[in-house]
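See the structures that follow.
Below, subunit A partners subunit B and then partners subunit C, in two separate complexes.
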Partner chain A sequence: MRLRFAWQPVLALALLILASFFPSMTMGALDAEANPTATVQVPFDGTSTLISLLLAAGAILSLVRLPKTAEALILLVASFGAAWMLVSGISGAEGSALAPFFLKLAASWFLAWRAASVLSNLSPISASARTLLRLLVPALFGAWVLILWEAIVRGAGVPFILLPPPSAIGLRLVSSVPTLWADVNQTIFKSVIAGYVAGCGLGFGAAVLADRYGFLRRGLLPIGNMVSALPIIGVAPILVNLLGFDWQSKAAVVIVMTFFPMLVNTIAGLSASGHMERDLMRTYASNYWQTLLKLRLPAAMPFIFNALKINSTLALIGAIVAEFFGTPVVGMGFRISTEVGRMNIDMVWAEIAVAALVGSLFYGGLALAERAVTFWHPSVRGG
Partner chain B sequence: MSAIAAPGAGTGLEPLGLWARLSSGRTLPVLSILLVLIAIWYVAAFSLNAPFQRRLDGESAPGGTLAFVERTLNQAKPTLPSPHQVAQNVLENTFLRKVTSNRSLVYHAGVTLSSTVLGFVLGTTLGILIAVGIVHVVTLERSLMPWIIASQTVPILAVAPMIIVVLAAVGITGLLPKALISTYLSFFPVTVGMVKGLRSPETNHLDLMHTYNASPAQTFWKLRLPASVPFLFASMKVAVAASLVGAIVGELPTGAVAGIGAKLLSGAYYSQTVDMWAALVAGSVVAALLVTLVGIASRVVERAMGARPA
Partner chain C sequence: MDRSLKLLSFSAAMNVIASPLKPADVVPRPSGASVVEARGLGLTFKTNDGPVQALTDVNLSIGKGEFVSFIGPSGCGKTTFLRVIADLERPTAGTIHVNGMTPEQAREARAYGYVFQAAALYPWRTIEHNVALPLEIMGIGKAEREERIKRTLALVNLSGFEKKFPWQLSGGMQQRASIARALAFDADLLLMDEPFGALDEIVRDHLNEQLLQLWARTNKTICFVTHSIPEAVYLSTRIVVMSPRPGRVTDVIESTLPHERPLDIRETPEFLAIAHRVREGLRAGHSYD
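Take a look at the complex of A and B:
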């Protein structure tokens, strides 16, 4: 039998051997051994050995020279199976975990790491399998961040007020959908969208004007570059003071924050078309508007989408931070600041998860639109 | 003197008039746009503050229109302060007060600056380390890169208050929590820039290192790292601005007593609009200083490494 050594399974085996020197995984099991007559609910009653066996089998099998996909599959089954048993065993007995719990957790993490590294070194021929792998490896990483977070918080008994486990955040998220929806409605659909559209539109318009008139461009470009380094978020309290507590003031903050990135990027983009192409348009006797619409704007699209992407994050931040300074009793920023005050940290995390989700959807939508609009660009064609 | 004999005649270059020469540079356009902005600011300040001034004056308004305009632009707590009020406040609180005074802008800027710099240093170090890992380990690249990009869609600034409050509950207060927010904001541009920079050497150069039988470590220190320096400084400029924003927002939750963010917040609570604008100006000056410093550092380092001045 030929072996193929990798450091992760070997380390996992070493950790398992180390774990076997300890008598039990939790304090509950220690209590049960101390007075066998009492009927104490023992965590990991029976599954303790099963976890070790599963991990050891996975580690040893992965050292045997198997087909890569089989090896990855075995590793995934072993690591996720062990992780599932570890997490479900510790819930209900928070804070009672002893060293073997963490050793086994680390061992299963190393097996998952090995799986990820096997998977990322695969180069399948079919395009769909490659896409699947490109999604699978980061998904593995994300899943393990959540597993480690859950297991460590529960195992070490970190107070929920400091850092709630992901499962508690998920429960909170599901149980307060109406509140979250109202907040999203106020913050995203009123403040962010209005401000984003107006800010990007104004920035774009100003850039086209500045491109037409050189004087304006030479004046605006240095100012725009400088402003992009300034802490513009500081205008939030000022604008809230000026425009009142409702969504208009937040939209104004978003406009101020998104205007300059759009301006600077669009000006850069409008000069991106080559001399050859512009000369060609001249030989066609096309006028300023024809050149702008048919050549220079399409050529500027990668830059414009870059600004749109930057602005999508800025807009979300601007609206949420502006809500810290005053808002009607609804909105994501309002919810975050009040729930922090009440120490309902799981609600804050639920709000963050929603914000991250909305932000990612926004960004993903923009990325898809970019692929559709700039289909000719080398970065999209993969050339 | 005929046109033919004029200096520069026949070269095809018309001697430019003063106006044309000024407006083809940067100074005049920038100055005139700034002037227009200040004019708009004055008009806005007048129209926003005038209603309150009319109520304040009541029936017995002394003086003519000019006196009314002057009073409107010099209210103690205006809705929108006029530029000269802000300038006066900034000058007073920067130069005329002791640096240790609670009202001195230098003091507040110093507090913000210290956490900005700590966060920036931490963030840059973290960013470089992650970039080195990503360039050298395929597993890290495949699993980390998408999440690093996704991490920036999380509006972390929005959670800054929670991080501060939670860390304070554990007993970590003062500089570090604010610096951590700056770290989070500043590591991203550095990581992205450094990954690009470490991958920037051409295949030719990498092949040359290969023919020298260079180890990966040698390739890293002698080729990849030097090649990445311009990228590093470009992203450090973005990162330092981002970490200042992080520090300011980190000061917003109640509890922070000093710093530009705290100054903004207290201004918002007590409607001290002039103070708020002055704090904003101070923050902008600090930002400009930091970016300029990074720019100077980049020029010094690049010259020391033998780059030709661009």
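Take a look at the complex of A and C:
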């Protein structure tokens, strides 16, 4: 039988052999062995061997020359099956895991790693399969971050205050949807959107004006530079005092943060068109607006989208931080600062998860729009 | 030939230039007012290393329907002269008229089409929309735009590539599209600045042939900058030889080749004689310092 060696399954097998030298996976099982008459629920009673067998079978089968997709499927079943049994088995015995628990966890992680590397080396012909793969590999990565987090936190019994397991965060997220929705509505749909649109719009308008009138460029750029260097932590309380507790003050902070990146990028973008292209417009006796609309703005689009993407993350940070300095009793920043004080760390994590989700969606939407608008740019069309 | 023989006007040229190559009646010359008329033209660039004389005392008259090539080593001012005609540079001495107007007025009147060294097509526009660009700027209606795009793309043999983006075409096709763009608004004067300089020789031969056909069909006046002697001789009715430091005209050669020019005309003794004279002119004007 011909083999195909990869280091991950080999290492997983080594870890399993190492784990077999230890008598028990948890302290509870040790107690039960020491006192066989007591009727205690023993963690991993029966599943311990099953986990080892599943992982060993997956690792060995993956070394055989199988079709790539079959190998990936076997590895996924073995690693996720083992992980599921490890995580569910530790319930009720949190903090009592011993070395074999972590060794088996590591073994299943290595098998999943191998699966991801097999999958990312596949080059399927059909476009839909390629799309599926492009989503599957990062999903696998994300899933394993959560699995390792869950298993380590619960196995080692990390205090809830320090780091809650993702399952608890998920439960908290699901059970407080109305609160989270109200916070998103306040922070994203009021502060961030208003501030982002106004900040980017003003930055863009100022850039066009500064490009047209030299004195503005010379006057505005250094001041804009200075404003962007102001620490947000210092600006936010001043603006909150000035404009009140509601979303307007947060939008103002977002404007301050997003204005300058848009200004600088747009000014750079407006001078991105080549000499020849501009001479061409001159030979057509094209006026200022025609040259702006037909040449300089399209050529500036890659720069403008850069600014839009940078600003999408800045806007979220700005609005959340500004809410630390005063807000009506709603908003993501308000919730984070108060729930930290009340030791509800899972709620803080839930807010973080929501912010990450919203930020990713926002950024992803922008990236899609960028592809549609700057399809012609070498960085998008590839060469 | 020395500088005193520079042409003062088109009709004078017919008489002044008396060379063994030149039976005056071989090339049928169109009549009419000159399209470009330069007198004592000079242009000095101010640079950090002191003034650079890009052009000195250029006297030249280009008649309607001529195909004039400008040839010379780099720095001889051939491109600068073309840019002065196009009002992309302002002369610092002398006068120049284009269609009887100043270059600025001529540019405002969209008197010429300019083809650059590179195609300079806008990558976000398809080929047809690139050709439409000058038409949009000049405010030409949609129906007529479409008709002209169709016609000019056919003229440069690019029919069927309307919906392609420039980066999907070869360099030669891109340059043909840029010629179509310059032709689209029907200016009588075509200024071409080494348009085929970046292309390989096979493509270049092909485009030269097509350019001559196009010139014959459209009866435009063409000013063509090149640094290739065969290209200049093959294309032109007149060859202006220039030399650098300071940029000046050293010779003006009338071509005796017939209007109808297949590519193998380049092996005829007549062709080689003209090419020899161009080479001599370039050598004489070039100071090897």
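Quick note on the criterion: the second predicted complex is superposed on the first by the 363 of 383 C-alpha atoms of A that agree within 3 Å, B and C clash if a C-alpha of one lies under 4 Å from a C-alpha of the other, contacts with A are read in each partner's own complex, and residues count from 1 in each chain.
Basically, a residue touches a chain if its C-beta (ideal position, glycine included) is under 8 Å from a C-beta of that chain, and two chains touch if they have at least 3 such contacts.
Fair warning: this is a prediction, and the values are worked out from it, not measured in the lab.
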item: Subunit C versus subunit B on the shared subunit A, clash or fit after superposition; value: fit
item: First, second, both or neither for A:Leu146, with subunit B first and subunit C second; value: neither
item: Contacts of A:Leu61 with subunit B and subunit C, given as first, second, both or neither; value: neither
item: Computed vertex angle (subunit A) for partners subunit B and subunit C, CA, steps of 10°; value: 70
item: Partner chain(s) touched by A:Pro298 [first = subunit B, second = subunit C, both, neither]; value: second
item: Touching partner for A:Thr283 - first (subunit B), second (subunit C), both, neither; value: second
item: Subunit B versus subunit C as contact partner of A:Phe362, first or second or both or neither; value: first
item: Touched subunit A residues, subunit B compared with subunit C; value: B
item: Distance in angstrom between the closest Cα atoms of subunit C and subunit B, superposition on A; value: 5
item: Interfacial residue positions of subunit C with respect to subunit A in the complex; value: 86-88, 107-110, 112-114, 116-118, 120, 122-124, 133-134, 136-138, 165, 167, 185
item: Subunit C partner contacts - residues on subunit A that touch it in the complex; value: 274, 276-277, 279-286, 290, 294-295, 298, 374-377, 381
item: Subunit A partner contacts - residues on subunit B that touch it in the complex; value: 23-26, 29-30, 32-34, 48, 79-80, 138-139, 141-147, 150, 152-155, 157-159, 161-162, 165-166, 169-170, 237, 241, 244-245, 248-249, 252-253, 260, 264-265, 267-268, 271, 273, 276-277, 279-280, 283-284, 287-288, 291
item: Residue numbers on subunit A that touch subunit B, as the complex places them; value: 113, 116-117, 119-121, 134, 137-138, 140-142, 161-163, 214-220, 222-223, 226, 228-231, 233-235, 237-238, 240-242, 312-313, 316-317, 320-321, 324-326, 332-333, 336-337, 340, 345, 348, 352, 355-356, 359-360, 362-363
